[in-house]
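Shared between the two complexes below is chain A, which has chain B as its partner in the first and chain C in the second.
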Partner chain A sequence: MSQSMESPALPPLAGTVPRARPAVSRRALLARRLKPYLYLLPAVVLLGIWMYRPLLYTFYLAFQKWSMIPGTDPIYVGLDNFARLFRNEAFADSIGNTVFYTVGMLPFSILIPLLLASVTDGMSGRAKNVYRAIFFVPMILAPVSVGAIWRWLFHPSNGLVNLVLMKLDAIRQPIAYFSDPDWAKWIILFITGWKMIGFSTLMFSSALTGINREYYEAAAIDGAGRFRTFLRITVPLVSPMILFMLTMSILFASQSTFAYIDILTAGGPYGSSTNVYYEMYKYAFGNLNVGFSAAASLVFFVVFGVIALGLNGLSRRLSFYDN
Partner chain B sequence: MNKRSPAFATLQHGLLAAMCVLAVFPLYWMLISSFKNEAEIFTSSLVPMKPIWNNYRYAFEQMPIFRMMFNSFAVAALMTVFQLATSLLAAYALVRWRFRGQTLIFALLSLTWLIPYQSIMIPNYVLVNDMGLNETLIGVVLPFAVSTFAILSLYQSFQSFPRVLIEAACIDGQSDFGILTNLILPNIKSTVASLGIILFLNGWNEYLWPMLITRKMENSPIQIGLKLFVNSDTNMWGSLMAATTVSCIPILLIYIALQRQIVDSFVRYGVK
Partner chain C sequence: MQRWTKGTSLIMAIAAAFGLTACGGPNNDPDGAAAAETPSAASEASASSSLPALDPANPTKVTFYSYSLALPTMKAGMEQLIDEFNETAGKEKGVVVEGVPDATFQQYKADISAGKPVDIVQHAFSTLDSSRLSLGFKAYEDVFPKEELDKHLEGISPNALELGKIDGKMYGLAFTFSTPILFINGKLFEEAGLDPNTPPKTWDEVKKAALQIKEKTGKDGFGLAPNNGWTTEGIILSNGGTILSADRKQVEFAGDKSVEAIRMWQDLYHSGAHAVGSDTEVSEQFMAGNLGMLIQSTSMHSGIKKASEAGGWKVYGAGLPQFGDQPSIPVNSGSVLAVRPDSDIKAAAVWEFVKFVTGNRGYTIITSQIGYLPLRTSLADDPNGLKDFVEANPLYRINLDQLSRIHPVAIWPGEYAAEIATAFTDAIVKSVMTDADVKETLTKAQDDINGMLK
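Presenting the complex of A and B:
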């Protein structure tokens, strides 16, 4: 190991033969130094082409006006896209909905799963596995299939949900879930959450499995009730997982609602169920207004970046680890 | 442990059973709707009285379902293979050597978590268009040939691989690539396999990008074809549910066969 310190020309190899040969040709030396980069090359090149080049290009397009039509060129318009973006009421609404979806996902990604996980935690292995396997089913299904199924269940005139509600006399008129502005975004939130629960439950279950049983025994001896035990022992001990799921949920809520918005409502009625990512898509591929879409991307890249940094800092300070 | 009263246990199982119904009932409803005839489809009966195959026949007539299933398989399999190949090499380099620029590479990898597909879709769309890869499977796969999720996951698995073994192989004169393929890979086969399962499911479920690149049914994965079908035939619910059932079958079969591995691999790696 110490050998690598003595030869600064070589990349210090973690775990390699102590090199006794003093005279290595320059070429071999170079090859050695380049080796790590060679292995990384495919991944880095592909990331460059398909991730970072487009990201920078999008930032560039945010200051241009362009319709993506072949043969036309982007025209520089300065901050015009941003100015129009912030004056655009539909965009303001979509920000409101984005917040709605992000906050609304939290019960589905944290609260309910944490409860389900702790309820199944005390069970025998077999019952636990069966429940978890069933909860997990929605997670593996494709968004379009899920969208099609719920579209049929929530169908305004013939869907099962309305039929049952009518039979129970809960409603007089069938509800047009997808074309009623009061309902559309709730339904989309519900479907996204329905798909999320199984995965989060699983993550919390695995976090709970790691908790030392003795804490619970001690709490029981001290006469702590079930709820108190949950609040005082379970929650602090899974706090790293809670913060992890919080970050995931906030970053991905808007992205996972995208497919359902597209399939079920196309953002309507009157933009009541759209979110910022769907608006970006519509600006670019519906209105062919690329600059506008790019400007929105840039703004939200920064916004979500700040949020992620904040959460990262929070998880460093707040997480409680059981050593 | 807490002492548990029978009432509480019943309540517990009741709650969990209700959740199970909520999770699985939509699938059941899809399945039985696909077998109901036109008179029955609009009722709330829980079993089809006279099950029929017509819905399936109609769905298969209207859509090139086999073709689209093949597309989905090809897309998901190719993405998985490319992502595993690129991430194995990259993760190996990151674990094996210490070199200049490593921190930068980690930063670049981690930062991709913040890039939503919507903010890179336009340039990628333009590029794939310029390459003439519209309406092709390779155009769908190419931007997903690398996955930072896969790289970072494998990096974690590689790190727990005992370094002594690598050193020993080095002394035995194994080449660096040989160490990866002959020593490390055989020992972490199951890890790679479970990562592969997640990558395959991700590829199968990919939505936005295939939708932009393929607009004709015969070129598109089943998801996109299904969406086109949903939007065209709004009242053929029986055959729409038949098509949806068919689209779910491969994934459900995989899940039933590999249920434990799938659940474990999601626990191990989380989601993209």
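Presenting the complex of A and C:
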């Protein structure tokens, strides 16, 4: 019986004669070596299908001309797609707008949510949850519904916003917010930002919950005011979350604005509210020029890849962890 | 060991990615042997002296992609057209048509790309050449028997038949069709001291009336969205300008006459009496009773009429305004039926549907229920057709009169049609909405487009 309790990994039981270690068969050894890779296989396959295959395929398509129509083959065009892309003024404008949206989103994804999270963090139980729920509601609304609501509100002749502004004598002529080049991209930014605030507030709230309350008590005893406490304790302790949200905001600003550009302005007027994502979509699915779209995607991939690596490095250097 | 592990994982990841890439690429497509950029799907059907017989017991299914099915003002009429075909001619011959709403002309492209059967498309005029080249749409002469085709086309306005022709072949049969109309809100006109029965004829009169409406009622006098996309061409042509060269090899919309026409519009836009907003927003403003005059397609008539009845005002109409004493040259809006049957039996089924919807009954439904023009113009005088309807809605008479001087809307050349259409519209929007130099803006767009076409 005692024999059966022996493990090859443990020393032999007292009183027993040491035995020679049984030879492990080649098959068992192979199985043992392959085991971790078998565990990895589902993840690798899924990543392969959904991430790396399209990525590699995009590299391939960037040098082809193809309309995606079944029965047709891509035609190799070398660097022609890139040459046309860099000559295309609409693409250059869309890059400018992408930078505008990316920078413009930062107050909505970091500054305002951090303040809202800090203010609501100091509230008592029920009020805190009610406020946070109100901030979060826009996040769970479908972009199409949100687009329709804002379209009605900002309608040039029948919309509430113009009506109120004209009643208050703030404007004399109604503004066509989605058709006016001076307004269109600001409104798109505002709507996207409004929707983003809820998510970021939730993320910062969860980060704030993890801060040890004793720091605040100690600071209060030392006579620190609310602003100083926020600056010296809250901000450093939520710095990993700030950098995470910074990365998220920069990398996803273009994606977040896409739906509202498509629904509300279609990139107009004369391309003044479009961004790189929307142009890529138009090239591929509007103009059926998937090679041109892939070339734009590749440029976008390289630029944002460099930004992501930079932010990763920044995150490692600037984040402060309260271990 | 660690190196071995790292190496193995890297090889596995790369093998998985490449393996997956290889298993779905276009080169593995069994049809891939087809010539590059030559769609094989539509090449099977060919014109023959007769089409194969359909079997009513085993009906052939045909898909019909339609933007009218997706627009609230047109949906009911288009559904009636499809349902009536399925219940009558379709049932009798053995064809079932499935309507697919396609509001933005994207669904049919996506479905063709995905390999789904896309048999008939309610297609816009401006991008027909691009679709012909890249999406496998077929010329009617190549798919349907000549005798039957000639017989069916009798009675359709010859001007209209020219609209869907490219290089002498009909790639689209004009289907829903209208000219631009100056819709008038009778109530606002009367409040401003104007008579809706003697509407403005020239652009100068339009501006004068618009300013008077603004002054007396506080509402905007006139609306035409700079991004309307098609009426713009009518304005340029009416002043003697041009859009495309006769050989369709280059655009020429930056000539002096074209620039003069757009400058007139720029002046009207900045007069303080012009509505602002997109095409949809300006139309909504008119339907809400907050705009004196609107230039829009008659396809909006049913929606506008309902809105006017609900708002307690009467809608009047006039033709596209003219420059001085030169009669205006309106362009057409609307669509053609573009077809891509992939077999002879599909071609026979598609032909049955095309015959029905562009026949007498089809146009009676299209005109009375949606608002487009009957391309079989004799229907307007036919007591069994649309005589009563046209008498009750005199606005259609204006539209039918404009047919005699209509000019086809530009079919932008080649594979960059979508880019060209966008560049043209963007230049017009910029010229009209801002104080940009019209000549400079249009010349730059013209040069960019011609560069693309080289």
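Methods note: the second predicted complex is superposed on the first by the 273 of 323 C-alpha atoms of A that agree within 3 Å, B and C clash if a C-alpha of one lies under 4 Å from a C-alpha of the other, contacts with A are read in each partner's own complex, and residues count from 1 in each chain.
Following the convention adopted for this analysis, a residue touches a chain if its C-beta (ideal position, glycine included) is under 8 Å from a C-beta of that chain, and two chains touch if they have at least 3 such contacts.
Every value quoted in this text rests on a predicted model; they were computed, and no experiment measured them.
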First (chain B), second (chain C), both or neither touched by A:G198: first
First (chain B), second (chain C), both or neither touched by A:A148: first
Chain B versus chain C as contact partner of A:F285, first or second or both or neither: both
Which superposed partner A:V137 touches (first chain B, second chain C, both, neither): first
First, second, both or neither for A:A28, with chain B first and chain C second: neither
First, second, both or neither for A:I171, with chain B first and chain C second: neither
Greater chain A contact set [chain C / chain B]: B
Touching partner for A:M68 - first (chain B), second (chain C), both, neither: both
Touching partner for A:Y52 - first (chain B), second (chain C), both, neither: both
Contacts of A:A92 with chain B and chain C, given as first, second, both or neither: neither
Where chain A meets both chain C and chain B, residue numbers: 37, 40, 44, 49, 52-53, 57, 68, 70, 155, 158, 285
Residues of chain B that touch chain A when the two form their complex: 1-4, 12, 15-16, 19-20, 22-24, 26-27, 29-30, 33, 41-44, 85-87, 89-90, 92-102, 105, 108-109, 112-127, 129, 142-146, 148, 151, 163-164, 166-167, 170-171, 176, 201, 204-205, 207-208, 211-212, 222-224, 226-227, 230, 237, 240-241, 243-244, 247-248, 251-252, 255, 259-260, 262-263, 266-267, 270-271
Chain A residues within the chain B interface of the complex: 11-17, 33, 35-40, 42-44, 46-47, 49-55, 57-58, 61, 68, 70, 116, 119-120, 122, 129, 131-153, 155, 158, 160, 163-164, 167, 194, 197-199, 202-203, 205-206, 213, 216-217, 220, 226, 229, 244, 248, 251-252, 254-255, 258-259, 262-263, 277, 280-281, 284-285, 290, 293-294, 297-298, 300-301, 304-305, 308
Interface residues, chain A side, partner chain C - complex: 37, 40-41, 44-45, 48-49, 52-53, 56-57, 60, 65-75, 89-90, 155-158, 173-176, 178-181, 268-271, 282, 285-289
Residue ranges of chain C touching chain A (in the complex, touch as defined): 8-9, 12-13, 16-21, 24-27, 29, 31-32, 34, 36-41, 106, 109-110, 112-115, 134-136, 220, 225-227, 272, 275-278, 281, 284-285, 288, 290-291, 415-416, 418-419, 422, 426-427, 429-430, 433-434, 448
